[in-house]
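Heads up, there are several structures right after this.
Same chain, two partners: chain A is paired with chain B first, then with chain C.
And now, the complex of A and B:
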């Protein structure tokens, strides 16, 4: 499965033709053959496609399982229903307000839970739906209570009524086309790619400079807008609004449409909506039990086709007609961060009473390599995690390029010119190599294309330019490390923290790595190098620090390390000479 | 006196919620996956009791407690099915896949129940009897006492199983670190199946307990999963005693606020409190027990 996924990621899919053909067939059906009832089903399918676009953005791309999409749909529906039936407002007033109300709901809830783990997001969004449903039933003066409000007018746009049937279908599907285009552009661009990066690994995304909370909030807000628009159109189609629009089946339908159609794909949302809204028609004998079929379809898709129907179509088309070659942009050098060092004073961190890092001070000067050594568990990785913002220090001061950044989040540090590599290369599963490296530029470049051009430059510089069109999955360990390193180098950071970059490399590869690191210092980068291999580290490093149980036990020239008694004792476990 | 009465109602409700939350947290610990169908399993347990009650040829006053073992066994079977269909095939995929597959199972259960039973609220028979005991000036429904007793018994039995038996040690080892447990020869897959069975049995028992005083409808699961979820969040994600305490707390909160205002106000206030807890103490009131697994 992983193998096939990786193909799809490395070169663009080819199912577009099949999908476009399907869309044309649908259009011909709508214009020529559809009965009024058929048109109504199609219109409702369009409404759900619109709602599912939003869900594709927040969940499909961003990975945040929002269970509020149904609630946003319901809020949009109630705003249009109440304003239209009670106050007789026209579409030009009710529609924007139906988008605004879910947005105003999404922002405070989103702000509260966005930085938390994803299961809390699901919980908080589920809560919105339950509370709103209770409100709708229990505020009869406003909402009409359990019976809802009848007599919602159709769409009246600047005095012109849009009739039921074909005109309404055209309006809805026109908005679907517009929404789908917006969603597609967002998904392809910097925003969509940033969301995917944080879906695949939120921690790594932060160290790449992406503001996880802000991106998720933006995605959640976008989903609210789409949900509200869909709800408004649903009410204009049904001409009634009742608590049903806030019940779980709406959410279930949207979720099923998105997953069955293909997670993260706007085309998937449309395909899923048309298919699933017609399912109840084909399974008439089930009456309201069609939701059982939805449940079954959802389960089956998750189990056997996690990329959904559009994924299956892509795969089949790829097999029939082969794959389009990936058009790679020409390499171009990204701009360099202005040189600046890192000064650390008295850094400390405890985990449940254990001092993992205790009063560590160090200074990284532009154009030099500082070595950080110590036995396993001495706190080296914790130091890197503290300096890169993945952990918050309990004590100490950190100054990056002259600015105090103590306790700053990973993404702020990254945008201030600090980059790090991970010991176990944290490459996203199923992504292409170029895409993975370009992800490290998304927070800095104007668009995804420019990020890819810069990524090519970094891959060339690491001598793996020919990997650009390949997938990250299945790369041998040594190449994975280079790609991981390219993700740091492509940023051309002022300060670079490297966690055992030479582990597992051959002597030849180590020599190449040395040359690369010397080249980087030649450009003014300040490097902190955590390493076990003294033969590799000592010739490179000017200064070396040795940690033992969280404390600095040696801080001096690289040449003196081998003779130092305390260092030898820490590694060999003998008593420290007084 | 009124306060005591409310306290008793709250504890009875909380005891049932505790069973729901317990099942949720057991699966969470064993698989690091969220079982979204837990609420619908409660509903299934309640409706199962409703369906089985007429089949028991006993005087009306007794069937609840007689049904309990039957509901536990059948629900354990349903738990196994859930694990086989919605968890085991997805164990190597990201946790969100299991989230969605259990939502799918929940949809099937909920709407299957709606087809079989219709949307009307149903009541299961009381556990022991319908009467009210007079203790001092306090009117104590027998059912409330029975709920507390049965829930305490089940939770106690489970504690004993986990703390004192070989099976319990294996279950705990699986929950703590599945890879390590496997390396030590623990049959991890079997342990996960047992965990799902216990979780579903807990849900079924809760369904039977709740379905007498609070009725059961096919859509009741959504509300219950939200409560279980909140209980586990309040109690500290992954903490077993925390889940029980969290369930008691939210039940008392719900009963207390409902008596002064209304149930919708109580749910709204509960939700706002939850948001406040997430903002101020995301690790829960008593600290988070599960850390990110590599």
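And now, the complex of A and C:
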């Protein structure tokens, strides 16, 4: 099922006023009405909001279902518990160390598991919590064993004890505000948008120049910092630490908060935490029956608000008070990669016993278009995948702009000046057009705003500048192709690999595309054009290669391809006499 | 068509603030206006300790029906689940709900340990049946345990094995929880005091679905008795697997075995020769008062009572006796619990200065014909472990 987008980067939130009002209400409640019990529930909600911030980054924005967030929470809790109760260290020392320990755990673990596929990744991260739980139970000299450690001191900050009740609530929510601001800035900025691009399509993200591994590791590390901070504060509110902080219910609470509040949004984490921590309290009078009501309420929330409560508020506010116009940046031309060609020698790739690409050699010269044709299954898309780093070749050498890049990762090739398009336009579901194109500049530009300015330039150049404020959803196929092409063009690459860009276009649109491609070659771009429409391709291409069963059966001038007997036999049909 | 003008954002925020603040403020915790004395029951009704927690609840609720003349009593039952955080929140909530006399507090050791600092700060007596030894080792004068601690029950456990059964090669299987680790530690000390070293010791996770591997390992050590310290479900599972495997060694289990809910998971034949330590076994009878309690319990809750129910009943009854004697504040109740002796249904309760009120344990055994055990040995010595 297509995922609906609810992150901050997709579009400006419409319910900001409502959420700000809610925050003011909470503040008024805490200062004027709340009993010590009410303040405790609020404090615990703040602790979970902080933990959920980290989860919003790694899962909400990055799409990695990390079930280690509860483990990071537990590690932070144990560091504070052990150092506070056994060694008498104060908050100034225990709090930073409670952030550091989960971070130090996250880095090696992340390197090991972050490249796993989604469900294996989830299982691996769940295993971390299980191992830590076993250690906590079975190292009683250090952790107090299953009983845990009692007598953890309250927060003492620079010699001043922070009492329970309002002072503790203020401390926790002060840190929540700080953490939320950091998270919000990250989500809106280049990092958050890069993670979103990664979440939407990890393969495409790599071809846009985004270092998937490094981004995921950074998100995992950020989540560990937030988890550790939350765990430390949890221990100060409970005054004991026991293996329960490493148990699955903590993780489930964080996950539920993120989903109910609104995936990927810091405001969602706060709203979800406040609601989920208060909801069971409102129904406590039902004894154990409160769980039924609690579960029903959560189910209802997920059904009514599939984008989370913040998404629901945005939609409701949009209907009530109208939509805020999307403020578009002025178009600005991105810098051009220096001209440089691509030389390929003896490229080979097999899948089991099938030789998909077998000894293909070609050269893409700056300022020229090279056509790549062949019947379906002949290896054209595999060649593009090999050249763009989505597949690793079994044999051959590739040199890009004078540098050997054989087997290089997609993001490294992209950053070296190679861009590609996909046969099926790979636009992220629910994203705005401007955002989708700007994603292709995130690895190159200083910030998201600059990337958007460059994206506007590309959209204007493709003749679809008026689509900038629209959503990619529901765009006609031809327009989707243009937006997809804009994602490649916006990079102003040295080498551009296009996989059937004219498929589904009208004659007029093809003519416009021809003009565009000629313009790009005029700027020195080397283009490899995979296309079935000979009427479109042959006038553009100076040289054409034809593949059949992975091998080059024709490599010569475009004018000669129709007369070649082998090409006619394998692909075009009847040869046309010269 | 006329377009509605959006409200200024500051006005929107103010309206939303007012609505939200009023809705959040309508939460439980508003103080009572009268002088009703409140005795909240904060126990685990859900999670892995729900069976025992429900017994604890029922015992407290039954006791609180004995309202002393001239005193208005109120009580709210709150599920603490199994997390310390939920228990602390429940205590804070209860403290804000009128004039609290004492709290029937969770029997889960980690929850009670978390409640202790807050109880001391709020000056509220906690009345519990937790067996976790460390709860009365924190120097906190506000906790009162109406169930013998592990120092007592495990000493009785070990003494029965060594002195009554004459066994000297016990294999100990315990749970990897706070309950299990505390019990194992005290079993070790008690066996050591008796000059016996277990031939096998291993902890098992409460979620384990097959205990045959640990049973096989234990048998491979050639023990002459199996000593169990497991929760209710694992106790039943191990006994069932032992019976199926034809194990003919005597088995002396922990207090979870005496619970009628545990016995209900087994056929009477599977219980033949099995014994268990416990504070009391109300369904085994023993006195007209205990039989009356058991009948009242069955009438009120439709099930059999266990030692946890009886311990909590005795504890709350002692609290009410203090109220009847004039104690109207938590401090007065604490003083009464600290200083007085109380003849409960299960035993005589008297604080040892740390809040340990119960100093007796019994051994019950099943004869293989019914699920009601017989009381075979009583240990009343508070210094039992030292013998």
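For this structure, a couple of remarks:
As a convention for this text, the second predicted complex is superposed on the first by the 540 of 578 C-alpha atoms of A that agree within 3 Å, B and C clash if a C-alpha of one lies under 4 Å from a C-alpha of the other, contacts with A are read in each partner's own complex, and residues count from 1 in each chain.
Just so we're on the same page, a residue touches a chain if its C-beta (ideal position, glycine included) is under 8 Å from a C-beta of that chain, and two chains touch if they have at least 3 such contacts.
All figures in this text were calculated on a predicted structure; none of them were measured in a lab.
Once the two complexes are laid over each other on the shared chain, residue contacts for A:44 go to chain C alone; chain B is not touched. With both structures placed on the common chain, the touch criterion links A:282 to chain C but leaves chain B unconnected. Applying the stated contact rule after C-alpha superposition, one finds that A:118 touches chain B and leaves chain C untouched. In the superposition on chain A, contact of A:291 is made with both chain B and chain C.
When chain A is checked against chain B and against chain C, the one touching more of its residues turns out to be C.
Of the two partner chains, neither chain B nor chain C is touched by A:351. Once the two complexes are overlaid on the shared chain, A:109 sits against chain B while remaining clear of chain C.
In the superposition on chain A, A:238 contacts chain C only, with no contact to chain B. Looking at the shared chain after the overlay, A:28 reaches chain C, while chain B stays out of its contact range.
Overlap of the chain B and chain C contact sets on chain A: residues 137-138, 288, 291.
Chain C meets chain A in the complex at residues 3-4, 6-7, 9, 12-21, 24-25, 27-30, 45-46, 50, 76-79, 82-85, 88-90, 92-93, 95-96, 109-110, 113-114, 116-118, 121, 132, 134, 138, 176-182, 203. Considering their complex, residues 34, 85-86, 89-90, 93, 95-97, 99-101, 103-108, 110-112, 114-115, 219, 222-223, 225-226, 229-230, 233, 237, 262-264, 267-268, 271, 274-275, 278-279, 282, 292 of chain B touch chain A.
Residues of chain A that touch chain C in their complex: 16-18, 20-22, 24-26, 28-29, 32-38, 40-41, 44, 137-138, 140, 145-148, 150-151, 164, 234, 237-240, 242-244, 249, 278, 281-282, 284-285, 287-288, 290-291, 321-322. Touching chain B in their complex are the following residues of chain A: 63, 65, 109, 112-113, 116-120, 122-124, 126-128, 130-131, 134-135, 137-138, 247-248, 252, 255, 259, 286, 288-289, 291-292, 294-296, 298-299, 302-303, 306.
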